[in-house]
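One chain, subunit A, appears in both complexes that follow, with subunit B as partner in the first and subunit C in the second.
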Partner chain A sequence: MKKKKNKIENNRLGYLMTIPATLLILLVDIYPLFNGISLSLQKYNLQHPDKRRFIGLDNYVDLFQDVEFLGVLGYTFFYTIVTVVTSYLFGLILALIMNRKMPGKGIYRTLALLPWAVAPSVANVCWRLLFNDRVGIINIFLMKIGAIDSPILFLAKGDIARYTVIFTDFWRDFPFMMIVLLASMSSIPRDLYESAYMDGAGFWSSFRYITMPMIKGVSAISTILMFIWVFNRFDNIYLLTGGGPNKATYTLPIMSYFTSFMRGNMGKATAMAVVMLMVMTVVAIIYLRVMKSEENE
Partner chain B sequence: MKSKNTQKNIINIVIYVIFAILLFLLLLPLISMFGTAIKTHDAALMTTSLFPEKWADLSLENFGYVMIKMKFGKNLLNSAIVSIVVTLACIFCAAPAGYAISRFKGPYFKFYSVLLLLLQMFPIMLMLMPQYLIFTKLHITNSLLSIIISYTTGNLAFSIWLLKGFYDSIPMELEQAAMVDGCTKFRAFLTVVFPLTLPGIATVSVFTMLNAWNEYTVASVFLKKDAIMTMTLGLQKFVQQNGADWPSLMAAACIATVPAIVFVIFSQKYLIEGMTAGAVKG
Partner chain C sequence: MKKRTLSIILSLGMVMGMLQGCGNDAATENAPAAEQTQETEPAEETDTATEPEAGQEDAGQGEEAVAGGTFLDEIEPDATLTYWEMQWASGEYQNHVQAMVDQFNEENEYGITVNLEMIPWDGYYETFLTAVTSGTAPDVYTGASTAPTQYAQMGESLDLDPIIDAWKAENNPILDDIAEQYWGFFKYEGVTYGLPYGVDPKQITYRKDFFEEAGIDKLPTNYDEFLEACAKLKEKFPDKIPCLLTAGGNEPSSNHMAEVLNGLNAAGMFDANKNATMLTDAQRENYEFVKTMMDEGYMSEGSGGYGDADVEKIWLSGGACILFGRSGNIMINTDIEENVAVLPPFTGPSTSEGKYCANVNGVAGFSQTEYPNASRYFLKWWMENNIQILAGTGNGNLPLRESYYTHEAYKEHAWYQETLDNCIKTGITQAYPMDSMFPEFATMEGEKVLAVALAEVIEGTDVETALQDCNDAIQTVFDDAREAAE
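Moving on to the complex of A and B:
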């Protein structure tokens, strides 16, 4: 009994030290989170606040009967998966090339880091100039070398824009993968490679049997983290196409943003966000599992 | 032996060349931004080269126009204020919390570490919509306070978690020795442990500052008045109003990016530390 009291006494400082952070997290994260979930069960439009009422799961039923929403959900997954996979592969290749003694490695690494560090609002203004059909350097160059006859409408044609926004997101994300994988690779002892080389292993087999197993855990965690970031990402697409043309580049964050902040339909918009939360919950479970198995290793 | 060396050299040169081309392509948006910004306004609209073609086309007039006519300076100042206040607030909240989670045992602290991981997964949109309703009720939208609160909280989970890792690596004996000398535990934290985690504080600061400087989504929801807009919003407003005025736009983008790039170059040790902390150390 005395011991228990002592423990509480001892921990009091610990509780006190978390107070500022806890207050902020409770008031600005947790309360709005539950508030959002409860809003998703209501009919609530900011333009008609008097008609606000509880409607149970109706918003969700509506969403899953809405072809447009299902299409957006599908594209959100496509967008996220393609971005994460290409960022990972490209980051891996760059890390493999840089994971050797080469002069100027630091400069290369710094320069490759820049896309990740530049504000998306800045980067996407630059991309809009580059992709422009009249003054954009990419179209001018391609026409000059005769690869195309008329400019490619990177942003104005839906089926192209869907890949253009993925490309700019990839551009922003690969540096993270490169840095993380490079750090993990450089912690692999050199003599492992040397003895494999003695045994006659080539590049491919030492990659397959030494590098890959050693970076497996880091790869899993960084891919999951990036999935979360990209799935929730709003600014990349919004700043490039605004979700257009004709909603072709709508993802869930974009759709819920327009539904809530432009049309005032809070009930429906929060329901969309809760669907995102459910996807994230599944990802979180996978993430915690991977973390646990990493710790055990 | 000699031929093997030559072969190695050739491979190295090939790799360098490929890398240089790759980097040029990757940095093309930033290169063309800079190249367009330093052209005269007319030359930028008439010519399509990456950089000014002749000396007469070189000018800084776009920068002057952006700062004076567009009042972009005010946006930059707002961003700077927000970045600094958010960073300080974040350290104030995260440093003690990270220490508590690292040093104290019990279900509360165990739950806290899991909560921090989960917080980073919550969809921003789901919190942003109720936040908007709440902040509107409290009449703090259209003030820097609204985004300062939101950014601070948004950066908290990562910061606490990262600092916890730093505290974990500091041996307990240090505080115990200080406490034997008559320090309270909190004093020992402030005078003995905290100074040792300055690299961690630096990492948190660099990340928080960069995040706050670059953030767009939250700011676009809370700030609607021109006088209070941050850099990212000011740039976007300019795009909407004079979308085809590329030279001024690129000059503004340049002004907004140069501090960030300089910052990244000088603080990259801490940036890389933070980037890898999440994934590599687990």
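Moving on to the complex of A and C:
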């Protein structure tokens, strides 16, 4: 009887301890979530707060009839998927190299991590100068070695700028992939590779039948997390191109920002954010399922 | 099960953060109407031929002359005001502003205390908007040129006509010291919501030495002569950019070449009825001119991607011969200063007198203030004493008050006088052909809508399509604003 009472007391204390965190989550997550959803169902322009009213799903209907929004949505997926895939593949290659015994491995690892450690604002100022057609070192170098006849307009041409921003994001993200995958590879027992080697397996077979299966879970989780980060990312493009030239590098976070703060159209901007939330929710569900299957394994 | 539920909640929490910035609706629903101030009988305007010396205080002489009936009779005593000042310059600028505020706090006879807060330009738009909509706006501020009328439309700007009335009653020389075209700039529906004090000149500067070396002995006076000058520069200096400008990037500078073109050819991008007017002959001439410059290689192909830092690096390193659409003050106190001059505005085909664009900046207040008259008193004093935060402080604003240009800090660089004569005295404002700034301009400037035609022509789009796209983009901003007001 006394034991049961103690257990109840302990549970009560546990619940009491969660109250501050719960209140914080309610305040900074749950309230903004529902408030945001509520705003997306309203006509609400900051310039005309007196005209605020409920309009149902009109903001969503407008969005999905808006060719510009659909184009931006498409580019956001493209931007995200290409960034995540290239970051993963390059991170994987680097992790494979770093996982081998080699002199100066620590130095290489630190160097590879540098892009992740540089502040985005600093990095993007540097990128702007590097990509400049006249004084940028990239164009100067390529022209010196005869690789190009005229400068590449990395940021001035819309179709090139779309890839340029992907490249800078890839540069920032691959170190994360590398370090996560390297950590996962380090935990694979050496015996497995030695046994495989004794059985005549080469690099490719070992990679395919030992490495990949062993890092599968980490790969899935890290790519899903990175998808969420990149899909929501604002600073990379905003700092590098501001969404230009001529809106060529607009992604959903950029478009939502301009719609809310430049046009004052909070209703439409939050509708965009809710669309992003839906995408993220699907990705989060996949993430949870992967996590669960990992736990079961 | 509990563990699963907890994980779901935590994971959802992770993705919910994106909506956090969108949840601000406090205090906007019942935004107060613009403060109604007492109507005062304006004194008859009189000519004030005597110009004050630079830095001379106008306060005091006027106040003594006021017989009464102005807001000065009803100043709230012991008010505490919050003053937001933009980071107009780096380094010691904050100290200059603080010194001015300290002087006011010591000298004013009403016991008013002003607290200074410096606001960085990064994210200023959101900073102001969030403060206003959440009811935490400062009492007075300097800021973007679009702010006073934008917030006037929301009913959040402080009516400053009482200050104008008080100046008129005092016969204050400040009214003649600032060119007439600027006084109406911050009016919204006939009421003054901002006081013009500074200008960010948008003009053309050129390298005198390069012009001389290229054999250009007569400065261009029209579009054709300008193109001829560019041709000579290109021929003489094949590795330099004849005409350097920004047409992309994340800076408002993208809009400025369009604004300069408007002035040179008297071409508006919109009309008084708030409709886009990019499909006029004058605009067609402007962008054919740009296209010729592009086709002939007088501009860099990379212009569409330049930010301010790119332009500064190229210009200061001598990589270009003409700087288009910028004030040009970046060269002050550099090695190239003595070789740089302001090119007198040349004239487009559709007008008889080309002009530059003087982007006006102002000081203003918010109607949320508890102390409207104390705020006006400070603003009035601020306008009369602001030489100390303009001259020699690195402030990017040039003074609109012509008498200030006799100050030592403005006399020692020829560029200041050239800018006064070529841009400030005669320039159009960025709202041209409108007399006053209008709220939609903030959107156009922020989204670089004004630069759409320029960016497209530089990317190779034909002029008609570029003009149509720019026209549509401007019209969309107006239409969205109309729709929002319904």
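Basically, the second predicted complex is superposed on the first by the 289 of 297 C-alpha atoms of A that agree within 3 Å, B and C clash if a C-alpha of one lies under 4 Å from a C-alpha of the other, contacts with A are read in each partner's own complex, and residues count from 1 in each chain.
Going forward, contacts are C-beta pairs under 8 Å (C-beta built on N, C-alpha and C of every residue); 3 or more make two chains touch, one makes a residue touch a chain.
Predicted model, so just to flag it, every value in this text is computed and none were measured.
Trainee: Using the superposition on subunit A, decide if subunit B and subunit C clash or fit.
Mentor: After superposition on subunit A, which the two structures share, subunit B runs into subunit C.
Trainee: After the superposition on A, what does A:N232 contact: first (subunit B), second (subunit C), both or neither?
Mentor: After superposing on A, A:N232 lies in contact with both subunit B and subunit C.
Trainee: Who does A:L96 touch here: subunit B (first), subunit C (second), both, or neither?
Mentor: So A:L96 meets neither subunit B nor subunit C here.
Trainee: For A:A112, using the defined touch cut-off, is the partner it touches subunit B, subunit C, both, or neither? Pick first, second, both or neither.
Mentor: The first partner, subunit B, only.
Trainee: Considering only touches as defined above, state whether A:I188 meets subunit B (first), subunit C (second), both or neither.
Mentor: It touches nothing on subunit B or subunit C.
Trainee: Given the touch rule stated above, what does A:F258 touch, subunit B (first), subunit C (second), both, or neither?
Mentor: In the superposed model, A:F258 contacts subunit C only, not subunit B.
Trainee: Applying the touch criterion given at the start, work out whether A:A196 contacts subunit B, subunit C, both or neither, answering first, second, both or neither.
Mentor: So A:A196 meets neither subunit B nor subunit C here.
Trainee: May I ask you to decide whether A:V125 touches subunit B, subunit C, both, or neither, giving the answer as first, second, both or neither?
Mentor: Both partners.
Trainee: Pick one for A:P20: touches subunit B only (first), subunit C only (second), both, or neither.
Mentor: Only subunit B; A:P20 stays clear of subunit C.
Trainee: After the superposition on A, what does A:A156 contact: first (subunit B), second (subunit C), both or neither?
Mentor: In the superposition, A:A156 touches subunit C alone.
Trainee: Which subunit A residues contact subunit B in one complex and subunit C in the other?
Mentor: Comparing the two interfaces on subunit A, one with subunit B and one with subunit C, the shared residues are 25, 28-29, 31-33, 35-37, 39, 125, 128-129, 135, 228, 232, 238-239, 253, 256, 260-261, 266, 269-270, 273-274, 276-277, 280-281, 283-284, 287-288, 291.
Trainee: In the complex of these two chains, what residues of subunit B are touching subunit A?
Mentor: 12, 15-16, 19, 23, 26-30, 32-33, 36, 48, 50, 92-94, 96-97, 99-101, 103-106, 108-109, 112, 114-115, 117-134, 149-150, 152-153, 156-157, 160, 185-186, 189, 210, 213-214, 216-217, 221, 231-232, 235-236, 239, 246, 249-250, 253, 256-257, 260-261, 264-265, 268, 271-272, 275-276, 278-280, 282
Trainee: Can you tell me which positions in subunit A touch subunit B when the two form their complex?
Mentor: Touch list, subunit A to subunit B: 7, 10-11, 13-15, 17-18, 20-22, 24-25, 28-29, 31-33, 35-37, 39, 97, 102, 104, 108-115, 117-123, 125-130, 135, 137, 140, 171, 176, 179-180, 183-184, 187, 217-218, 221-222, 225, 228, 232, 234-235, 238-239, 252-253, 256-257, 260-261, 266, 269-270, 272-274, 276-277, 280-281, 283-284, 287-288, 291, 294-295.
Trainee: What does subunit C use to touch subunit A in their complex?
Mentor: Subunit C residues touching subunit A: 4, 7-9, 11-23, 25, 28-31, 125-126, 129, 133, 150, 153-154, 241, 247-251, 254, 300-307, 309-310, 313-314, 317, 319, 439, 442-443, 446-448, 452, 455-456, 458-459, 477, 480-481, 484-486.
Trainee: Which of the residues in subunit A end up touching subunit C in this complex?
Mentor: On the subunit A side, the touching residues are 25, 28-33, 35-37, 39, 43-52, 125, 128-129, 131-135, 150-151, 153-158, 161, 228, 232, 238-246, 253, 256, 258, 260-266, 269-270, 273-274, 276-277, 280-281, 283-284, 287-288, 291-292.
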